[in-house]
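In this document, chain identifiers A, B, C, D and E correspond to the written order of the chains, with residue numbering beginning at 1 in each.
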Amino acid sequence: MSIIEFKNVNKYYGKMHALKNINLTFEEGEVTTLIGPSGSGKSTLLRCINGLEKITDGHLHVFERDIADSNTDIRLVRQKIGMVFQHFELYPHMTVIQNVTLAPMRVLGLSEKEAIESAERYLTRVNMWDKKDAYPDNLSGGQKQRVAIARGLAMTPDAMLFDEPTSALDPETIVDVLDVMKDIAQKDGMTMIVVTHEMNFAREVANRTIFMKDGEIIEDRPSEEFFENPKDERARNFINQVFAY
Amino acid sequence: MSIIEFKNVNKYYGKMHALKNINLTFEEGEVTTLIGPSGSGKSTLLRCINGLEKITDGHLHVFERDIADSNTDIRLVRQKIGMVFQHFELYPHMTVIQNVTLAPMRVLGLSEKEAIESAERYLTRVNMWDKKDAYPDNLSGGQKQRVAIARGLAMTPDAMLFDEPTSALDPETIVDVLDVMKDIAQKDGMTMIVVTHEMNFAREVANRTIFMKDGEIIEDRPSEEFFENPKDERARNFINQVFAY
Amino acid sequence: DVDIAERIDEQETPILNWGVKADTNLFGYYNIESGEVEGFDIDIAKALTEEMTNGTGEAKFVEVTSKTRIPLLKNGKIDGIIATMTISEERKKEVDFSDVYFNGGQSLLVPEDSEINDIEDLTEDHTILAIKGSSSTQNMRELAPQVNVLDLENYGEGFVALQSGQGDALTTDSAILLGMIDTNPDYRLAGSNFTDEPYGIAINKGQENFLDRLEKALETIQGNGVYDEIYDKWFGEILPADSPNTASTSTTGAANNAPENEGESGDNQ
Amino acid sequence: MIGLLEQYWPLLLEGFINTLIVSIIALLSSLIIGTIMGMLQLSANKIVRTIVNIYVEFFRNIPLLITVMFFYVVVPMYWMNISGFAAGIIGLTIYTSSFIADNIRAGILTVPAGQMEAALSQGMKQIQVMRYVILPQAIRIVLPPLGNQFINLVKNSSVLAMVTGLDLMYYGDFVAMETFNTFDTYILVGLIYLVITLPLTFATRKLEAKLGVNDN
Amino acid sequence: MSFSEAYSWINIQFLLEGLLITVEVAFYSIIFSVILGFILGIIRYFDIPVISKITGWVVDIIRNLPLLLIIFFTYFALPELGLSLDVFWSAVAAMTIFEASMISEILRGGLKAVPKGQTEAGLASGLTRIEVMRYVLLPQAARDTLPSVVSQLIALIKDTSLATIITLPELTHNAQIIYGQDTAYVIPMFAALAFFYFIICFALSLFSKYLARTIAFRASEL
């Protein structure tokens, strides 16, 4: 039973054909990385899944709900899918704990007490509980991203989407974030789709790697296989470039 | 004959002690990389060399001129030292060719014709001559940085400073910039001081690697030696972290 | 619209809202010390209010300028205008007037040392200051079309502008100008009145009962000496009874002959 | 309303033209004064900075009407003769320039420090850096706020009506008084103001959108 | 010049009475225009079909008219629409209509300036659009536009002087009465006007700069 299913999905931004006839399924518990050059449609693909972008045609089912159907309450889907952004998107006017408890209280209807208890669990998990009263502006990039992950987890989602979660970070703090992600993947068996440039993470943590270019899926294989021997020349070039130094 | 010489240099920002009793010399033709965690003083050290920051005490001689002496015309020193910034700092209201010819015309007094001739040489060198009439906004990050390098070279400097020249770039375009830098180091024998997080560049291209932490110089050794076996534990930790994935 | 006469009858303490000047010495002038407007118009308004309400009513005063008074009356913010307002044919198309209660006439105010001595002296090099919405500004443009007329918001601003040299003379009714001379003796009138400006009390059209009552009240106070008393109080010294352009004859005269008169003499706008 | 326009168009046209003239003169002079003041506000010389700051703060924080009336009433009374029209232009210039100074100063400050450093590190002089690198960029940033200042200027010019400034509002009053048709006259006058200000608003908004996109 | 006479206790009292009216008009206008301005700004930001468009047109028209005209119009035209306010409330109404339009534009700009990712983060966690507005966008936009809004409120205070044209007995009006009755007091009265307006507006502008600085400081503590 696939939890996410693309069938002949196309996405246009005006004339720009950003996703070209995508067919894909994602299974529960799978950790997938999505790689490819800038502008290849990785973010678009991810954002279609939780309805931040509308697909132009085709069918997209998420947790058996038709995302393109206007009768579908997209918010129910969103509750089940956490998302982590490149630029964290923490709410700058709220403290760490307020960031993490907002949606659980407003969307899941938790009481403040319950929300704080759950926030404590997840903030501890990402090692940020001691900063619970700090404002985002006073955190380093890596700290912010860990809070953002906790914020996503606090909705107890069934799957998590990551859009370049480490590419805005200083190199020394990248590792903390990747460690947290690895932990969630391995301990919780969370279903994850990760857009990333961290090839080593893709190779080590992900079961599956999808390489996109110009809105198309070029390769879609188990990560180990992919990195050992990318079949497509474009994928090979990309990998060589990224590993050049 | 050292071209740059730090003698007991200290630099404070208010109470913040950003450079602590620095003693260093740089020789002609040397390629040095400066590495270290965020806030360790790398940029500060670089910026003291061309007088963008004033040292608080100690002596700093660049091309035998005393940088701290108010009688020194700092502009003469700056003409001999090119600088490349993390965020390129191309002039957004000028085309590529205007960016490259401005200072040679205004500072070196070249005629427009001479300036364009020299710009052609350096823009061709960084493979950007065909974009000479483009505005910076229409270039990718890697392209911008290559133009910035050409802009620096067009002043025919005796040394070049690079402050994290690739850390604002997409991974696929990083390699183009590093290739250009390698080329300049190896073909021109340019004296270069490079602050970077690209450890592989540091290892392969630089003769010498300096590791800084908290305003101090912790290690200063030939690059090969340094990467094989960093002596100091802090350096070792840093390297391990950066290479973790 | 509400019939004001009816309104007065219904209220226990009827209130009449009169639009009055606050910038015109002798007629309607703000007394900073007492915080009240004072003057001939004010006292007339009070007397009329008392008369019309059999002593039970109260007169309330709303500050108007020549520019704002008709719009304010028409939109119902005031019940009547007692504000040095000339009865004219044009205005009669907009509002109803009571009988004349004061005979004014337009003149010029100039500095003591001015070379202007009469309206005839005005040339195209002269700038005359007037007030927006006054009949004086319109009269000036007709009687001396060669001069440059500039309009200010109110008499306070008008006199200050004259003193600043923004114009060679300020024009309006001589009684108003005398009020200015009263407090600024370096100024004088230039010549005698060159128009007749019979003042009336303006009220909205369609208020026949109110107009009726107003006319009766005016007649009463003009007959019983109240009007004379008020007149003497404000103009006794400034406009002596034998002065050539006195309005004191209006005590009886104006009320009697103005209605027939206004077409020929009082309507010079 | 059409009737009003038919009968009084010469007066209203004169007012319209005067409003335009006042606005353009005051705009140009306040641009020049404001730009100089804005740059002087960043001067290294503390005395210069203080004097300019006093000018800017003083006139920003006093109603335009007061400044204009001052030039209409007080200056002629004690010093020299100034017409309402001129007093209006002077007042508007002083008032607007104190706002423009702030826009220019803020514009210069929004040019990233790195631009200054890049130019300095190539050996350029301070003045060259200003002239070739900073000001051209600051102008772009400052253009939309300047557009808004111009719109405010046009609207503010209506205070001339209170000092015999012969502008559109002044003649509007005149027409309203002569016709007793306050309602229609002021609507007409309002429409004429919109003829000037609405296009300016849309142009400014376009500019804002265009420059905003470039920033990304 | 007779400063001491000009500043007799009676005159000072009269000026202070005017100042009180100025402050009162400003006070009510500020409260109403901030509330109305926020509502209009949010309506315009949301792009509600028809409503946002019409609101936008009305706001654009009002913003582009001289306030003097609006003040005059409110005093004389509103009664024709069945709403007769005295001079005080007419002034408040005019200020509110005008300044609310200005504030709505500021707020709309502020809302648009909040990074799109903030909305997306809110939506992605299942919040409704209204909740995103209420908990995510509005607090940030309000904070970021606070300095501009305060500047607009300073403009409002200065603009109350225009209400002298409808004989509102505010500060400027009362000063005009004093110097209109004795022109020797012209300079003292202008000095007093400059003094009072400057004190209030400058104090507010310092406050707004302080706000801007603390906000910028917070934002730069990355």
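Miscellaneous remarks
Heads up, the rule we're going with is that contacts are C-beta pairs under 8 Å (C-beta built on N, C-alpha and C of every residue); 3 or more make two chains touch, one makes a residue touch a chain.
Note that the structure is predicted; figures quoted are calculated from it, not measured.
Counting only chains that touch, the fewest steps needed to get from chain A to chain D is 2.
Any chain touching chain B that also touches chain E appears here: A, D.
The greatest centre-to-centre gap from chain A, using C-alpha centroids, is found for C.
Each chain's centre was taken as the mean of its CA atoms, and the one lying most distant from chain E is B.
Measuring from the averaged C-alpha position of chain C to that of chain D gives a distance of 40 Å.
In terms of their C-alpha centroids, the spacing between chain D and chain E amounts to 19 Å. Averaged Cα coordinates give chain A a centre that lies 36 Å from the centre of chain B.
Chain centres here are Cα averages; for chain B and chain C they lie 85 Å apart.
Contact with two or more other chains is made by no residue of chain A. Across the assembly, chain D contributes residues 73-74, 77, 162, 182 that each touch 2 or more other chains. Annotation for chain E: residues 76-77, 80, 165, 183, 186 touch two or more other chains.
Every pair of chains that touch is listed here: A-B, A-E, B-D, C-D, C-E, D-E. On the chain D side of its complex with chain E, the touching residues are 57-58, 60-66, 69-70, 73-74, 77-78, 151, 155-159, 161-162, 169, 172, 182-183, 186, 189-190, 193-194, 197-198, 201.
Chain C meets chain D in the complex at residues 67, 70-71, 90-91, 93-94, 129, 132-133, 137-138, 150-153, 157, 160-161, 163-166. Interface residues of chain E facing chain C in the complex, by the touch rule stated above, are 10-11, 14, 17, 75-77, 79-80, 84, 86-87, 165-167, 169, 176-183, 186. Considering their complex, residues 60-61, 63-69, 72-73, 76-77, 80, 154, 158-159, 161-162, 164-165, 172, 183, 186-187, 190, 193-194, 197-198, 201-202, 205 of chain E touch chain D. On chain B, the positions that touch chain A within their shared complex are 37-38, 140, 170-172, 174-175, 178, 197-198, 200-201, 204, 238, 241-242, 244-245.
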